[in-house]
């Protein structure tokens, strides 16, 4: 099988992560994965939500949005119609993924809000948001350390995400929009630097899949996430 | 480890499925899984959504709700505050799961809406909704066959769902609320009668998990789903 | 005239009240009046709304909902479209009716929320909600007495409700859906154990009614409510 | 007992009805009942709601609102917070009351919307809205007759409304705000010119009431409504 | 050119301002400008919004609404559909205009809400709202002075507003609805008693305008505003 | 006076306009004015709104949004709270401004939606949106000409916008956020290539302004807009 983009089955799209693209945010980056571009910012507030008061814990949460013309056909602005179920599902995933690598006790008294806004969408916006959102989060945490508000980075590991799916019977890594539309199975993986799973979401779009297929997808994802974390480390200089 | 309920690690909670509990719905059941009770109805409409007009396809969708006092602490009614992200995420899952086992072309011109309303919640409401929702759907499809509106059941297989998780380091099947609150990893599985996967959602609640753990959870789920499908068949008399 | 159900003009539908059907609620029952089934729960909170702070009074309020397929034709979920005027009108009625038999000063510092959720509707859902809601309230108050949080039941009387209407020129008690659709006049009565009125709502659906007709309906209602209160006392063991 | 206003128990407040106060509306009046002032307009549309298409029937509906400073303490604008349950309950009542005196078949193809906007509130806004709304409706129907769009007025009778209540143990007619706040029982009556009832709503605000009290209130209401209908006829010149 | 109303190009419509038309509001007036009638009330609260706490400043804000049949064709009630962009734009303008003439420091601890509700609209509702809103504000401030809550009126000047536009090539003052619909350029001016500008909003409805035209409109506006402020002073007796 | 940025009173901030930054939109640009960055896209639909059906006219409309961290302090996402009055006011202005230079008859059957999303805000976001929105619109119209769907560009002139204000007593051009916060008067100008006005909005933020000051601001704006239109023409190659 030849992929529409000509990529090998286990090949990521070209990825770039430009850091500090927003002059106000405590951490920010613009992540580009092929035709998908997501602006990620991390905003620090030195307080916690009411339900965490006096819990000895901080909080990290995420919000996700798409510009109306991020897609081939313009979609109505969520400011006019409210957030869709898809948007809420995605932002809950991003938040869970990023919380899983942070020591919330060390973050006591601090809330960090990660905003992931899709400027252009071509498949994989939620995984790009996790990967880019982690970079923005890292930069914000680093600034807190530099300001002496945290003694050290309260991170347990790096985190990145990627999709994999079965397209025309073949397992492939990092689906673009065209592949995504025709995938029989579509799965998203969030993993850590040491290869552990934070989240796995596999869905049969057209027909049920086997455990063997799931394992193949997971192997592809491991490879892709490892490369993404290399790139995160590179742009962060660590 | 002893489970709070005294169950074995691979033991489901007591399950009952009472069919035809609603005198209006084309299909209905009340599914009870331990302390979790969900009313499932299937409503048939002989038309399709606007975006499927002239597509030659039918449609199945699901909605999910909880009565305000389904939980230990009363939660505000969604009719007053709107559907939460969690609700939308769950009903999207139920819809996807049920669509995956139906031949949509054979359902041309028909929409079936599955309502899953939680009367009492004690963990696993989304998986009980899938398992019970399938029974309601089956009954509605059966009625369409009896009425001569469908030549045969447009189903490719049975579908059920169950959760599994790592609680205090041990993989266990079918978590109740107490276990769910303390699980390190929580996963939901939707599978077919022939053991294929329709959906897998695994989440690290407290710390990342390994592929080996995921495989253990999947094995537990396979066993549980097989038993649930036996029970579906039994109450449906097939 | 023969009623569609074959009942006598002054005959209630078969009524059953199953108590303690919810393991979390401080009081609960499932009331069945013919084809109408309503789940009623009472939830106790040991605080009062902001506007009653330091007033020396407690508070009782009610909320009402219908499952989407409680009716012959599925209705859209209020969680998606907001509460209708009809819903708000009904829950305001239930709340007023239940407050009228409670000594609010004796309830100081306590709020009780009554949720009435219609599982199946066949006429008379608002009156069944009042009758069942009173049972749930009674059980919750009883529990507060047992816990020593109230010295005695702060109730001044029992409360139940029933409908009566003029159908094809004949006054009849406790209309089911078919009768309700054809009634010229429809009235709902909320009364106490000693035969006093808490609320009366009479509406000309098709043509104005006379004082004489209203009196006939009131007499039917008195009889019906007396029987309902007997049944409440019986299930409560008082 | 002396009423705060010095009125006799069976005495209405001074009422005035100024007609044609809006240059656009097909019918309009400003009704003043003591300190309560309501602007009523009737708007004719030559079409019916979708659910009445091809039914051979017309439609009448009402909407109710209050200016923010209609009351002693400013209330938040419903345009900002949505319509309250109270508002919806009232506008449903007004609509039912006005529909009850119109032959809907004779109104085929026509919708009339009655808007009742309270400029100043001092008790009895819903009954003033019915009484004034009827005048606006009458004027709009009259215009349709003059335009040859209706052969004759499709009215079966006049309609007006008034409140009565038990205040400090005494039944009194037409409560103002101060009396309303202290009433033990509060009832609203909608009646026709020939003395029949269209709607009765009686509520125990503080303690249950007897049938005898209800009858006393009804007698007061009959007297008041009779006088209000005289006044309607006078301003309409019939 | 003859104006539809027969007015001279620099002639205002007949204006009347009736003060103290609401028995609850601290200040109120009904302003009539030709066929445009706006009820203006000023409501005093002795507190400030949260974001002004401890700022040493008071606050003035305005809200605007239209009764559904204020216009030739009935418009849907904003209580049902939410406030339109037009409404929000207008009420923001009214608020800014009135704040510009008040010393906010002198108003410390006090919020005044100006409600402008259009009973009938015939062009120029926003400018009539500013002119009438100022009168309501003045009366409320006067009352605060009389009550000893303010040492003196915290006003720096009078404020009024008027429109001017280019209709069929001619600059004219105070457009009514018919003129407004055909204006090539439409401008609103808010000015003070000493002839300074508080707000200018000029819009090319059909084709761009020149600086010279803008100056002509401004001259017309100066004349009109001067007359309106005379009338404000007259009804306020100053 | 020295401006915080060191600019001369009549000096624009550095402006760049990068075209075709979105691979889906029919026209797009990223406009940067100092620290303000706005993504502008034009989306073509070959249909018109319902109210323009069969009118022989096309339509242009605009929507505006800000990413949550476009500002120094993160603001809540409008998808969660709905569009503010400010947002609606701005997008109405952008739409009016762009419609004023297009021949709507020549655009018959076509709607163009301009989305202006602020990635970073540092004053002047509405004027940058007009200037950038015009470029996106131009590109989309050019594509329609190239596709043979329009015979020629239906534009009557170029359009750009800029702010000017009185800061510390001095009239200055193109205020950044710091200046805007301290401006006594703030005005926005939309003008055409031949120096005519499309829109002028001048507001006294702290104290009223004179006609002379307004004229000074207008002169500054003319100079700035002339330069901006030069830059538009340059990036468009015309």
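Note that the chains take the letters A, B, C, D, E and F in the order they are written out, and that residue 1 is the start of every chain.
By definition in this document, a contact is a pair of C-beta atoms (placed from the backbone, for glycine too) under 8 Å apart; a residue touches a chain by one contact, two chains touch by 3 or more.
This one's a predicted model, so the numbers in the text were calculated from it and none came from an experiment.
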| item | value |
| --- | --- |
| Chain F reached from chain D - shortest hop count over touching chains | 2 |
| Repeat of interface B-C, chosen from A-B, E-F or D-E - more than half of residue-number contact pairs shared | D-E |
| Type of chain D:chain E copy interface by residue overlap (half), same or different | same |
| Centroid distance [mean C-alpha coordinates] between chain E and chain A, Å | 51 |
| Distance between chain centroids, defined by C-alpha means - chain A, chain F (Å) | 33 |
| Separation of chain C from chain D, taking each centre as the mean of its C-alpha atoms, in whole Å | 28 |
| Chain D residues counted as touching two or more neighbouring chains | 82-83 |
| Chain contact graph, described as a line, ring, star, complete graph or other shape | ring |
| Complete ring sequence of chains beginning with chain E, oriented so that chain F follows | E, F, A, B, C, D |
| Partner chain B, residues of chain A touching it in the complex | 82-86, 88-89, 91-92, 96, 100, 157, 187, 191-192, 196-204, 207-211, 214, 218 |
| In the complex with chain B, residue positions of chain C that touch it | 22-25, 28, 35, 39, 41, 43, 45, 63, 65, 67-72, 74, 77-80, 82-83, 87, 113, 115, 117, 119-120, 122 |
